[in-house]
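As written, the chain order gives the labels A, B, C and D, with residue 1 at the start of each chain.
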Amino acid sequence: MKNKTFADKTFADKTIAYLTKGTLGFSIISIFLGFIIGAIILAIAGFNPIQAYGVMISGVISRPSYIAWTIIGSTPIIITALSIAFAFKTGLFNIGAEGQFIIGGITAAIVGYFVELPSFLHIPLVLLAAMTAAGLWGGIAGFLKAKFGVHEVISTIMLNWIALYLNNYIVLIEGFRRATSQRTHEIQRTANIVILEQWKRSPEGREWLRGHDFFGDALRTPLNWGFVIAIILAIIVWYTLNKTTLGYELKAVGYNRHAAEYGGINVSRSMFTSMVISGALAGAAGGLHVMGISKSIASLAAMEGFGFNGIAVALIGGNSSLGIIFSGLLFSALQYGGSKIQPALGAPSEVIHIMIGAIVFFIAMPKLIKYILHNIKKKRGAKNAG
Amino acid sequence: GCGGGAAQDPAPEEDQEQVEDQPTEEQIKMAMVTDVGGVNDQSFNESAWNGHKQAEAELGFSVSYVESEQDADYERNLETLLDAGNDLIWGIGFMMTDAILEAAEFNPDQKYAIIDPDFGENVVPENLVGVLFKAEEGSFLVGYIAGKMTETNKVGFVGGMDFPVIHGFHYGFMAGVKHANPDAEVLVQYADSFVDAARGKAIANQMYQQGADIVFHAAGGAGDGVIEAAREQDKYAIGVDEDQNHLAPDHVITSAMKRVDNAIFMVAEMLKDGDYAGGETKVFGLADGGVGIAPTSDKHVPAEILEEVKQVEQEIIAGKIVVPNNKDDYEANY
Amino acid sequence: MRNIDFDCKVIEMKDIVKKFGDFTANDDINLTVHKGEVHALLGENGAGKSTLMNILYGLYQPTSGEILIKGEKVDITDPNIAIKKGIGMVHQHFMLVEPFTVAENIVLGMEPTATLGKINIKKAIQDVEEISNRYGLYVNPKDKIYDITVGMQQRVEILKALYRGAEILILDEPTAVLTPQEIKELITIMRNLTQEGKTIIIITHKLKEIKEAADYCTIIRRGKRIDTVEVSNTSETELADKMVGREVSFKVDKEDKERGRLALRIDNLVVKDNRNVEAVKGLSLEVFTGEILGVAGVDGNGQTELIEALTGLRRVERGKVEVNGIDVTNNTPRQIIDNKMASIPEDRQKRGLVLEYTVAENMILENYAREPFARKGILNKTAINKFARELIKKFDVRPEDETIKAKALSGGNQQKVIIAREVTNDPDVLIAAQPTRGLDVGAIEFVHKSLVEQRDKNKAVLLVSLELDEVMNVSDRIAVIYEGQIVGIVDAKDADENTLGLMMAGGGNKDEK
Amino acid sequence: MLDSLGFIIGTTLMYSTPLIYAALGGVITENSGVTNIGLEGMMTIGALIGATVGFYSGNPWLGFLAAGLAGGVLALFHAIASVTFEADQVVSGIAINFLGPGLALFLSRLFFEGATMTKAIPLDSKMPRPLHGIFPRNSFLDLVFNQYATVYMAFLLVFVLWYLLYRTKLGLRIRAVGEHPRAADTLGVNIYRIRYLCVILSGVFAGFGGASMSLAIVSNFRPTLVSGHGFIALAAMIFGKWKPQGAMWACLLFGVSNGLVVYLGRADAPFQISVQILSMLPYVLTLIVLMGFVGRASAPAAVGVPYEKGER
């Protein structure tokens, strides 16, 4: 038994071996288990799980526009997840991406509406402004931590709410607010980042799109450059953390602030810097959201959840840039595909929440999965031997 | 049978043409996108869904809905329903205005309708119907009742968030109170939340403590707290949107109802009859049963007052009373 | 004096094998201990001593083998069982809950209770006082752990075992952190305990202590038992040779050397400790190039605060620190490093290393932003790895792999990484705080050689150590610190243990220079 | 004047109560070394079950207990993950925050014919108000003391938990496990059992917190009822330096600032501030107080670190 060579192993053994090796394998199994839990819940609620998953899957991938919507939905949460992961890697728990997102949105709405510039200047300006403002907002938490030792979890939770009320205050300012509405004026066309926005609306554009199934369908959606920027930001985050002295510094503080301090790194400044960067990332998410999707901001009755979902995405993605891109897409696909179960079958949306919860839950426990796989292996071993 | 239905209908335009050609033979499909409150919000989303269910029961429609979790979901949810081959798609709530305008523009062959739109300067496209409610008219009536029934000459209004949609309730109510009882004082406070029940309760408690004996709320979940305060203090409260008497049968004397269900049913009927009124904004007020007071009002409101209310209602319908829905109009007249 | 009952084998560990994955930490070890004896376990770092004892105490399960206690076979699956069988263990890394009081730590898990699950704290304190008096282990039951010295903490650990009625006491490297006085006291305590019929197993690297305290000694090398010897018949050198498998020298080779110019000047320094009390009280000291100045002293006399102040980690209240004539008082660690002062920190895992970083990344902790390791804020991994590989070779860090995380290195190798880094910085002043704490003979030899090398390169070395032997062996001059002040400085050649010990205890002569 | 003071105190108590329960949940689990950012989810399920059982049984106490049980069951999952399977406790907590509200809505639909809002509990089967009717209505004493039993119990629980943690054998063990689990382990303390107990209790307390909203502040559940209280409680627990009494003071601070928001927002307030700005008060005040006097708080040393036997 013990001397079995690799070639003797069955395909199943090999698969198990592969899956137990890396985090990717665990994530896949967690997702699978999450789907099983979702199926059970669906069955309890009286729906056919297979049918429901069929709707979900085809509702995400069967048309170019569906894929586009999934991508659009993933953009903000990928970026907030990057923000959270960045903070995590540097030893801080930024629950405040939610509020930083709001601040980014407010700033983008202001700069997008009041400033008039050609696109090639306006877009970068809006993005930079959103990132700067949200960076400073995040920096408040960093400052409070560095200077007064205020735990960032408390300060960012408080700052989330302050940002929400600030948003509601700003939305209602006369001259910014639309006449009879609780929504601001739309940003200028020049700050819009929807792909081919002008052309799409022109008669020629419409004509052309009508004639082209794939593009016609995909461009029905407000597909925008946000996703590309998200990928670029992911690369920048990865690069910064792994290839630069700044990343070295921030991670050192995150892993062991005493050693970092001893090594001559300014710990307080690092914490501040880290929160500023984390905030700026979440702000980019908010800014891009305004530039690509909402075009304006509105009074918020409650938190929208971009920041909180970002926490889940960051954790599912193992806080790595690449992982986050995939988990962001997955999360978005679950949300979007899940929303189609109701009109198709009448199943309520909380099933999706339970499913996402279950997936995250299993992802938290690689040991459970190892344990399960181990038992499968043992059983197989017994069978093979017998 | 709709397994994967969303995916199977890549050409909604065709479907629709068929429907228009033979409206009586094909089942008409109608669906709605809720706003972030979700379908069971015990408020206008739910009322809208009830309208759909009524259309299903009485007109033989096939109906469904999609719930939105964030503002960002509106567009894609509208599209989900488009792909599902619906004849009429509803957006519920003013927050969806931009999204539905966009959808209507891009899909000129699809029919849309929206509750509480905020079109502003936009032209309403031919394939979109706006449905507005004169919330101020219903509020005026409950204000009138409050003005008549108050024993302390003090009543209260608890708003959710301080913005235009709620101002209709606010100033309509104030006007109604003054109309009934010029000496009555109205205490006004906003909770700045539609969810914080404790805040609503505290505000109402404070109002009762200050001598108010009837408090009207337009504050969603925060309003639960208002009603609870009335129950505990043994004072009166006035509900909103739906008949909230069930929350506190002895204390909710009436509710300013917004009959989203009626409006949706009416639009559905029109669609069935082939006179879908695209390009218009229909305003539902007292005249067409779009707003009104709760049927349970007779439990607490004396019959003679209800009689007066009926008269006032007629006067409003006749245009003899013009109900303000914002601060400027209110201040100009009262 | 000896009180051994050879008829009673209190512990027999038979053919113990313990594997961690593919790694065999204990390879077929046999150990027999009689009642009333002090049995030493000797072995290099990582030899498998702690593992063996953790098995005896039920913290690990052996892969195979069996354990007999007083002739009866027992499965020790849990410390509870060990405790019931009369085994107590004082761990290498103290197992004390810092914010708790001495009494709370001792009674934890066997608390005397009154009604409603309430702890009867009075009784706890009484009990603690009673046993502490019985065995001469004086402690104040109401002190918090973080307020007492390491020596005291050790007593608390021993009391924990005694409180549970331990008959067999395992002490894992109990002296690594103690002052000479405390070590003496501990040995006395051990004698008292064996007189009372207790049995002691002691793990230590210090041959002198084995000679002084132990009756028998089992030597373990790379997980295998090499030999068990009667200590009185075996010399220190023999023990060391058996342990390492080669010959070791104890003397530090060093030639006489003229000292050079003044490199580090500390003038009337005042520094406060964590509790905001002055710990360094007007301390003055001068260190010259080409010399090692050793600071001897009992723990808690301001050494930690002194070093932290020198390295910029703690605020200086008053006074002055100069390096090469430049005032660096209250400069940031960065500025101090830039002024060519380097240091080997006291706590290698807390201060010295980022355990999650690779060896290579740790090698550049102070220079990550400098060329060739980085240019314009971008790290140059090739240069960093190359540099690290060189140092790994030069300083014999094992395993020879710059890409593994620092946390996977043994303590000795971790220390080598730090020394390599600090020395390579080419400082004018090198501060070494407790540089050999917890290291084995081979590693100690290496550290000492490195320090002398620095001195020979005309650097100024300030060595702060609690090990009097170390200070005496390595230093050129010895300063004694007592209550935050230097109470005397003597030439190493003229130093003898007794006078130094007296000065360390506060009986020094201040005006000697 | 006295009435206003009474009003503010009364409102403070009402606001603080659910937070106190949940924050105490945070205190007990974190003291045993397990973080729990799933308090929000546990409160939500507690609120739903409290209102449901309260409605159907007509017995508020049964509802309250059931809410604790429901929170405890959800917490059990957190315990299985973070204690037995050495999960990342933050990830597991996040999962709970999805599962709690998801399950709450799911169950609500099951119990209330598809509605996500429960039916209102009649006034006389709500939580009792022990001192109701003793003082003249709206007198100072009435405003302050005419509170639901849940309010008094919250403060009682603060004391009980303080006593448990700092005076009893179990408390000593809990804190030891949170500070230095290996030390406790070597003394034969069962780490796993203690952590399970504490995590489950945290769910029970959070469930109580949810029920104290749906059975006392109002008398029904709706999906937005809890909205964020769990996170505020988490903050209060940290603010209170992981101590029951500290968490209580933090919750009271939060409550009093909410009382002030309502008081300062009244129509005849001495100065009129925009309602959105006023709403920031509790959060801004918290930050200022934190800056002012708290300084570095120290969490239990082992919090968030899964305990593995035989690891070093």
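Methods note: contacts are C-beta pairs under 8 Å (C-beta built on N, C-alpha and C of every residue); 3 or more make two chains touch, one makes a residue touch a chain.
Nothing here was measured: the structure is a model prediction, and the numbers come from that model.
Ranking C-D and B-D by contacting C-beta pairs places B-D first.
Averaged Cα coordinates give chain C a centre that lies 45 Å from the centre of chain D. Note: centroid distance chain A to chain B, computed from Cα atoms, is 34 Å.
Each chain gets a centre from the mean of its Cα atoms; for chain B and chain C, those two points are 75 Å apart. Shared interface positions of chain C, defined as residues touching 2 or more other chains, are absent.
In chain B, the residues that touch at least two other chains are 38, 162, 192-195, 220. In chain D, the residues that reach two or more other chains under the touch definition are 109, 224, 227, 276, 279. Taken together, the chains touch in the following pairs: A-B, A-C, A-D, B-D, C-D. Residue ranges on chain B touching chain D, taken from their complex, read 38, 40, 42, 162, 187-190, 192-199, 201-203, 205-206, 208-210, 220-221, 224-225, 228, 231-233, 246-248.
Within the complex, the chain A residues that touch chain C are 243-249, 251-252, 255-256, 258-266. Contacts from chain D toward chain C in the complex involve residues 164, 167-170, 172-173, 175-176, 179-180, 182-189, 301, 309-310.
Listed in rising order, the residues of chain A touching chain D in the complex are 41, 45, 93, 95, 144, 148-151, 153-155, 157-159, 161-162, 165-166, 168-169, 172, 302-303, 308, 311-312, 315, 348, 350-354, 356-361, 363-365, 367-368, 371.
Chain contact summary for the complex, chain A toward chain B: residues 51, 54-55, 58-59, 62-63, 65-66, 69, 72-73, 76, 165, 168, 172, 178-183, 186, 201, 220-222, 289, 293-296, 298-299, 301-302, 304-306, 335-336, 339-340, 342-346, 349.
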